[in-house]
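Both of the next two complexes hold chain A, though its partner changes from chain B to chain C.
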Partner chain A sequence: MSRSVWKGPFVDGYLLNKAEAARNSTRNEIIKIWSRRSTILPQFVGLTFGVYNGRKFLPVQVSENMVGHKFGEFSPTRTFTSHSSDKKAKRG
Partner chain B sequence: MTAQRILVGEIGRPHGVRGLVKLRVFLTDPASIGTLGALTDAAGVQRIKLTVKADGLGQIEGVADRDAAARLTGTRLYVERAQLPPTEEEEFYLADLVGLSAVTEAGAPLGSVRAVEEHGAGAYLVVGEGRGEQLIPFTRAAVPVVDLGARRLVVIPPAEIIVPPQDGEAAA
Partner chain C sequence: MARIAGVNIPTNKRVLISLRYIYGIGPNNAKVICEQLAIPADRRVNQLTDEEILRLRELIDRDYRVEGDLRREVAMNIKRLMDMACYRGLRHRKGLPVRGQRTHTNARTRKGKAVAIAGKKKVTK
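The block that comes next holds the complex of A and B.
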């Protein structure tokens, strides 16, 4: 069953405070979090989080398309190696 | 940029009696293997010209029967890095980034780029090994300089803000 709309999206409250502080800073920062369950909110867009996957903190650059998803979705806990040899990486 | 060969596919089992083969293609667009030009085997000796057919099949030039196709089963197909199409601005082939040496702004070595990974939230570089391994977001702020010619990139490791787990949240 999906979450009731009247409750709003779930996010750990302490993340909001840290994100607000990071937004006001102009430094190159990564916010290391364990909270994989938190929903990505519009105020997180543009920030980089390090989301714990049980072993390490994987960098997650939050973009508009990710709003509404959970942080844990972008930090896989199992290893997968793809074969694509012409894969490209775009510098954000 | 150094000359390097990139694995783009492998010839599978023969299909039918007219020399068709199954192809395992390791490209984002499997059909594009036919547009890369001449491919070579692992030793770089044998040149293989492929025509891509439907359903993951391919026709190799000079191969007209099943026995000849079966002899090529398992052959790995390589292409020269220069044959891959050019990238857009701020876009890099992972094959170009892996192996670059990472240095700080002051020139101190951080190790080499071991892998570049992407899980739907921007690419990041895996720099160094073992306990010294660092995961660096592939952004202009963290990686301001990528010099493929000199095989190096400049890294400004981001400052860390640690938000420890709270009650009800499992810390590993």
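The block that comes next holds the complex of A and C.
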């Protein structure tokens, strides 16, 4: 079930200010954010965010086709472990 | 033999059924197409006139994305997810379920056939 259109995309408000500030400052620094639940908006394109995954801030360079996804999708929270004999399980 | 949308050669079945042999046309689309061209439900493909087949071909070429084009679109969508390195893309890369299903058990369609773990002893009673 997708979100109602009339509500608009969900973004934590303070991100907008942070993004704005980062745009105005010429230095390309990583914006640290905890708000994994926020939607990536068109005005974030080109900026680099450090998305917290519970342990580290993973740098995410926002590109055109990431718009509409959430920040959390780009910062995996689980470490993937597999057995060494699992080669066959991998496909494609 | 009728060729519609490239390589597809539906047989001497009812039009409604044989259209579904085309990748991208399912029960619903087949029904809509038949209604649009006023083809009765019990008409078989080998009973169609040449003109009707032509109309079918035209309609599908014009309004529907089928076969290669559709396959390419789907592949591109998956590739887009993988290139973005988002969660769904990573799941596609690893060949694991994408939509949050459990992987503790099951998920064999995505993971392929079960591989025995070397050195694991079977419990005997």
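By our rule, the second predicted complex is superposed on the first by the 79 of 92 C-alpha atoms of A that agree within 3 Å, B and C clash if a C-alpha of one lies under 4 Å from a C-alpha of the other, contacts with A are read in each partner's own complex, and residues count from 1 in each chain.
Basically, contacts are C-beta pairs under 8 Å (C-beta built on N, C-alpha and C of every residue); 3 or more make two chains touch, one makes a residue touch a chain.
Since this is a predicted model, take the numbers as computed values, not measurements.
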{"item": "Chain B versus chain C as contact partner of A:V67, first or second or both or neither", "value": "neither"}
{"item": "Touched partner set for A:P76, first chain B, second chain C, both or neither", "value": "both"}
{"item": "First, second, both or neither for A:L41, with chain B first and chain C second", "value": "neither"}
{"item": "Contacts of A:K32 with chain B and chain C, given as first, second, both or neither", "value": "first"}
{"item": "Which partner reaches more residues of chain A (counting touched residues only), chain B or chain C", "value": "B"}
{"item": "Touching partner for A:L16 - first (chain B), second (chain C), both, neither", "value": "neither"}
{"item": "Interface residues of chain A shared between complexes with chain B and chain C", "value": "63, 66, 73-74, 76, 83, 85-86, 88-92"}
{"item": "Interface residues, chain C side, partner chain A - complex", "value": "80, 84-88, 90, 92, 94-95, 111-113, 115, 117-118"}
{"item": "Interfacial residue positions of chain B with respect to chain A in the complex", "value": "6-8, 26-28, 32, 84, 87-88, 90-95, 97, 116-124, 133, 135-143, 146, 156, 158-166, 169-172"}
{"item": "Residues on chain A engaged by chain B in the complex (per definition of touch)", "value": "12, 14-15, 18, 21-22, 27-35, 37, 48, 50, 52, 54, 56-63, 66, 73-76, 83-92"}
{"item": "Complex contact set, residues of chain A against chain C", "value": "63, 65-66, 69, 72-74, 76, 80, 83, 85-86, 88-92"}
